[in-house]
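For reference, the structure is listed below as structure tokens.
The chains carry the letters A, B, C and D, assigned in the order they are written, with residues numbered from 1 in each.
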Amino acid sequence: MFKKILIANRGEIACRIMNTCREMEIKSVAVYSEADKTAMHVLMSDEACCIGESEPAQSYLNIEKIIAAAKETSCEAIHPGYGFLAENADFAARCEEEGIIFIGPSAKVISDLGDKTIARQLMVKGDVPITPGMTQTEPNPEIIAKEAEKIGYPVLIKAAAGGGGKGMRVVDSPEEIQEACTSASSEALSAFGNGAIYLEKFIEKSRHIEFQILADTHGNIIHLLERECSIQRRHQKIIEETPSPFMTPALREKMGNAAVAAAGAAGYVNAGTVEFIVDQKGNFYFLEVNTRLQVEHPITEMITGVDIVRQQIEIAAGNRLSLSQEKISGRGHAIECRIYAEDPEKGFFPSPGKITFMKEPAGPGIRNDCGVYSGFEVPVNYDPIISKLVVHAENRSKAIARMIKSLREYIVLGVKTPIPFLIDVLRSDPFVSGETFTDFIDEHFKDWKPEKGDIDMALIAYLADEMAGKTGTLSVAPESGGFSTPWQTLGNWKI
Amino acid sequence: MFKKILIANRGEIACRIMNTCREMEIKSVAVYSEADKTAMHVLMSDEACCIGESEPAQSYLNIEKIIAAAKETSCEAIHPGYGFLAENADFAARCEEEGIIFIGPSAKVISDLGDKTIARQLMVKGDVPITPGMTQTEPNPEIIAKEAEKIGYPVLIKAAAGGGGKGMRVVDSPEEIQEACTSASSEALSAFGNGAIYLEKFIEKSRHIEFQILADTHGNIIHLLERECSIQRRHQKIIEETPSPFMTPALREKMGNAAVAAAGAAGYVNAGTVEFIVDQKGNFYFLEVNTRLQVEHPITEMITGVDIVRQQIEIAAGNRLSLSQEKISGRGHAIECRIYAEDPEKGFFPSPGKITFMKEPAGPGIRNDCGVYSGFEVPVNYDPIISKLVVHAENRSKAIARMIKSLREYIVLGVKTPIPFLIDVLRSDPFVSGETFTDFIDEHFKDWKPEKGDIDMALIAYLADEMAGKTGTLSVAPESGGFSTPWQTLGNWKI
Amino acid sequence: MEYNLTIFDETIPVKADSEEENTISVSVNEKSFDVSFFRITDNLIHLTVNGRRMNAYISETREGKEIFINGRSYSITDADALEQAGAKKGGGAKASEDITPPMPAVVISIMVNDGDTVEKGQGVVVVSAMKMETTLYAPYNGTVEKINASIGDKVMPGEILIDLKKNEEKTDGEGGIE
Amino acid sequence: MEYNLTIFDETIPVKADSEEENTISVSVNEKSFDVSFFRITDNLIHLTVNGRRMNAYISETREGKEIFINGRSYSITDADALEQAGAKKGGGAKASEDITPPMPAVVISIMVNDGDTVEKGQGVVVVSAMKMETTLYAPYNGTVEKINASIGDKVMPGEILIDLKKNEEKTDGEGGIE
């Protein structure tokens, strides 16, 4: 097994990976930008290398600096986490060149699956159902319009590269299609440096259901059941759960087999996620493969009991999967809520700043994968995720109750968070009844504002806080209760 | 379901019960002594009643004050936790009289099983194996000596009442038996007000293995698998795990059936624990039934996915068990370490005082049932438990690795804890190989002292702390990094 | 002792009287509350209000306190103290009429030219921060007087990106971030 | 800058020089260390020592600092500062020669009478605290001069329960709690 791994990431995911490294007695090396000198992942590391300025391009996206850090600290492998370089085929290729093991699939697989049309071609070959539409990019809007006529409106114009909803347009009628092609293509060009687009059927009232897969270097592929991730804002998931409230054992078997076939068709190795969209009748269509550890992987860990990061490291080290498909079963129900520094009242706009106080929820069946601490300043430069709050309980209704309780006990002061929004979503009838479609937020929570809440209590708390004075909770315990000295004199140096 | 429950306990177990109440949308009422005005269980409660002075007899053991508190706050039920009044038949009887539901078995069952000889008689009737020996108390040492001759030395003189090792003597030879009877009886008399004793065969090199059972008011009884609790100091468990490293599926089935039979023989209702001692050949003998929630119940929750407190409340409300024996299975391995304020270098003597700083471990598969906080003063009046640290992982070796990591990341300053001792036990060869007998600590760790550790690093930390000055981490964020004002002026009242 | 506290843009007079340590009688909008409290840490006050227990987590802010109770956060300021401190910035309403990024950001596109007439709610500048693009809208009907930023500029909150001359029509002070 | 720090009853001279902010060169017992540090909170210093990162959790105590690193806690005092502060109690060794409970406790039994001769290590008093009984032992061979407690008394650390007159033989200062 590896002795030392470099983690080419930051925040909660870098911390989560280090947790597993520590249990495996593997040393972890952090990399950090100038903005992250005292970030949680640096504090948790065994060694750490500063790799440059705050701008991601200068640091977390700088392949050469990361490779240099890995060589300098004699790391045998690099875990890319998610985001940043995790799905960058060039980075994987550079690792391969340097003889450093990239904990993820090969550069070739990343590159193939990163192009949506190539991925669709691979799936067709592997007999995995894809949405009706094209499997080649098409520069001519006329041809796209013709194809749209054939498969029927509404349709979706999609960029072959990238993701996150950029270069994507839903088109309801033939009149709009020319303009949609042009604008999608130019948006994709400016965002990804590649304006190639193609056409898919748009599936209405759909769910986003994905399967976690594990594939070793010996040809074994299994799946670790599904996750439903339909609750999204700005094309980004915010609540995920497993099992899907829509799933039946028969559909799970069909989709699981398709996911394994998809991984096989792509020649996949390591952990990955095969995403599908599923319509109301239970028809499912290949969407894409995420060639990395997924943000929402913990809910799968909760119900299957498998540590996915450990599996990734074992696979990267060339070990054979010790799990087999028939031994995988789900127990209970798990839900994840993503806690960002963002303002749910203002279109989920980021709300960076100093976390003046934080108290994480704790208790049976609660896991909070956190990457910050009280006093830490959430930098403006990166994705403002604070943590992923995950609960596990016997069934869906108990898991919802546990999540609501946990959210109520999650205190974050100094930055805005979606906590009150998430509580309202979890309590809502459509969520409770499992009516979770990808348009959920637009449909039910478009102009959400928090209830005014208990203003009287807040005012009373203000007064009590004024009355009570501060304790100055510094580290010296007062000898006999009461208020301690608020300020400790600094230690004197004898010169 | 109940609307409001009184929790007649304090510390981590009161908090743990409130967690489940909150998820079930049941209000919880705390009771507290003068010493516990700002204890964690009071802070977590919806309502709280002060029931008297710090001495347990004046408060947590005061039946009338607790009954009065329950009536005053209109509680429909009382959860006794463990310790204090949890196994007090009079308390259960008073609840019955007052029409308050006692969340536990009936007064009659508590009283029967609280007397070890009556319990042994019940087990004989129920075909549950007991250790060879007497099933009646015996005042005459001559008769006890004769019986000892018959079953063979070593033997155990045991008080019929109480527990915790008091009124118990191991006797190796006939010469010692008279004196042992006299001293055991007088010790029992002074401790429990009952000097009755009897004789059992002493089982050498034994393990302590117990089964969690659940029995509803409709005659359904199931077990939730075993826990091994052989690692004890001062007759008190400090490390528990499940499954037992000694267990085989065949033995589990036999012992599980015996546990269910034991519960049936006693007419048991609610959650309970049937304790056995198991010799090296796999022979097992009934030891006693704990008629309450057990300290170590979380490890069972981790591997079975069942919330035992929720089950207790459902059963007490008269509901039928929704679980059936064939649906109960264990997944992975769970270990619990008890973290007390105590000094492992000085015979585990309690070390009460102010917790000047505490940081709980967190991460996948870690649960810390905690009843204190940074700044709380552990009172001298009660059992000095701080928390129960529980881990869950795929198998025993991964669970051990996770526990060691968690212990290393568990920071408690201001009071002594057994954390370094526990780390050494978990790393030791006999523990790792599952050689866990009840004499484990005496055998392997009798005169344990911590290694000197990394003194250089500690000295360096001292110097760095002197150099760095204090930040005064108060709640106001400085506007632009650097040190904040150390002391906020108190708000002025306008008069 | 009396305060005028502002919460959700409403200023509410509150009164508190203390006869015993750790106990106050509070009146808010004519309603009375019996309150006892303990300070647990600088950030936590444990309250018992008419018998109901709750924990209030509190952090001082530049202008008051942020208070978190039962899953909700409240921002409260002392209206009198703010008044005393003087109207440094002309109040909150004015601020939201500026075309300025809500956080440090990079200018992605500028959708107007000097002299353009814009309508309230019309997009004028797109900025990007923390992986997210946001459009800044015209806070009122007006005419573009000056553009103070170029594409690619790093800009800070408070920096006015577009000087917009208000047209005659009255506005309600809305606008800013979508 | 030089210190004499006491850890595990050993006093160790240490030296620290700082040329840059947040960086010190430390020498301990002739060994040198390159150290950089960040204060994260009052209780946490993040250290990099010869390239190795670690977190030191620190709490001030009456006589020095309690420091927690990697699962172990260390108690460190400044020998010079203690000396300056004066030998208030005649040092720790003396204290452990008193027959006094280690924490607030209740006297359960007294096993000696006035005038008894006791041997070092012999049990003299049993106290109970936090559900646990503990025997206090004679710290040296001696004669019971006076018994200052009765059964049922609540007693505090520092309270001398038995005045024991030392017999001629030398002792090594051990005793106290079992």
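As a convention for this text, contacts are C-beta pairs under 8 Å (C-beta built on N, C-alpha and C of every residue); 3 or more make two chains touch, one makes a residue touch a chain.
Note that the coordinates shown come from a computational prediction; the quantities given were computed from them, not determined experimentally.
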Seminar exercise, completed: A correct list of chains touching both subunit C and subunit D reads A, B
For this session: Weigh B-D against A-D on C-beta contact pairs and write down the one with more.
Result: B-D
Exercise. Taking each chain's centre as the mean of its CA atoms, how far is subunit A from subunit C in angstrom?
Worked result: 30
Exercise. Can you give the whole-Å distance between the Cα centres of subunit A and subunit D?
Worked result: 50
Seminar exercise, completed: In whole angstrom, the CA-centroid distance of subunit A from subunit B equals 39
Exercise. Which parts of subunit A, given as residue numbers and ranges, touch two or more other chains?
Worked result: 356-357, 374-375, 413-414, 465, 467, 469-477, 488, 493
Problem set entry | Multi-partner residues of subunit D (at least 2 other chains) | 3, 38, 41-43, 58-60
Problem set entry | Partner subunit A, residues of subunit D touching it in the complex | 1-3, 38, 40-43, 46, 48, 51-53, 55, 58-62, 80
Exercise. Tell me, which parts of subunit B touch subunit C in their complex?
Worked result: 37-38, 42-43, 45-48, 373-375, 474-476, 479, 488, 493-495
Problem set entry | List of subunit D residues in touch with subunit B within their complex | 3, 5, 7-8, 12, 14, 16, 18, 22, 24, 26, 28-29, 31, 33, 35, 37-39, 41-43, 45, 47, 49, 54, 56-60, 64-74, 76, 102-105, 129-132, 134, 177-178
Exercise. Can you name the residues of subunit B that touch subunit D in the complex?
Worked result: 234, 346-347, 349-352, 356-357, 359, 380-384, 407-409, 411-414, 416, 419-420, 423, 450, 452-465, 467-473
Problem set entry | Interfacial residue positions of subunit A with respect to subunit B in the complex | 16, 19-20, 22-25, 298, 301, 305-307, 331-332, 353-354, 356-357, 360, 362-370, 374-375, 377, 392-394, 398, 401-402, 405, 413-414, 465-467, 469-477, 481, 486-488, 490-491, 493
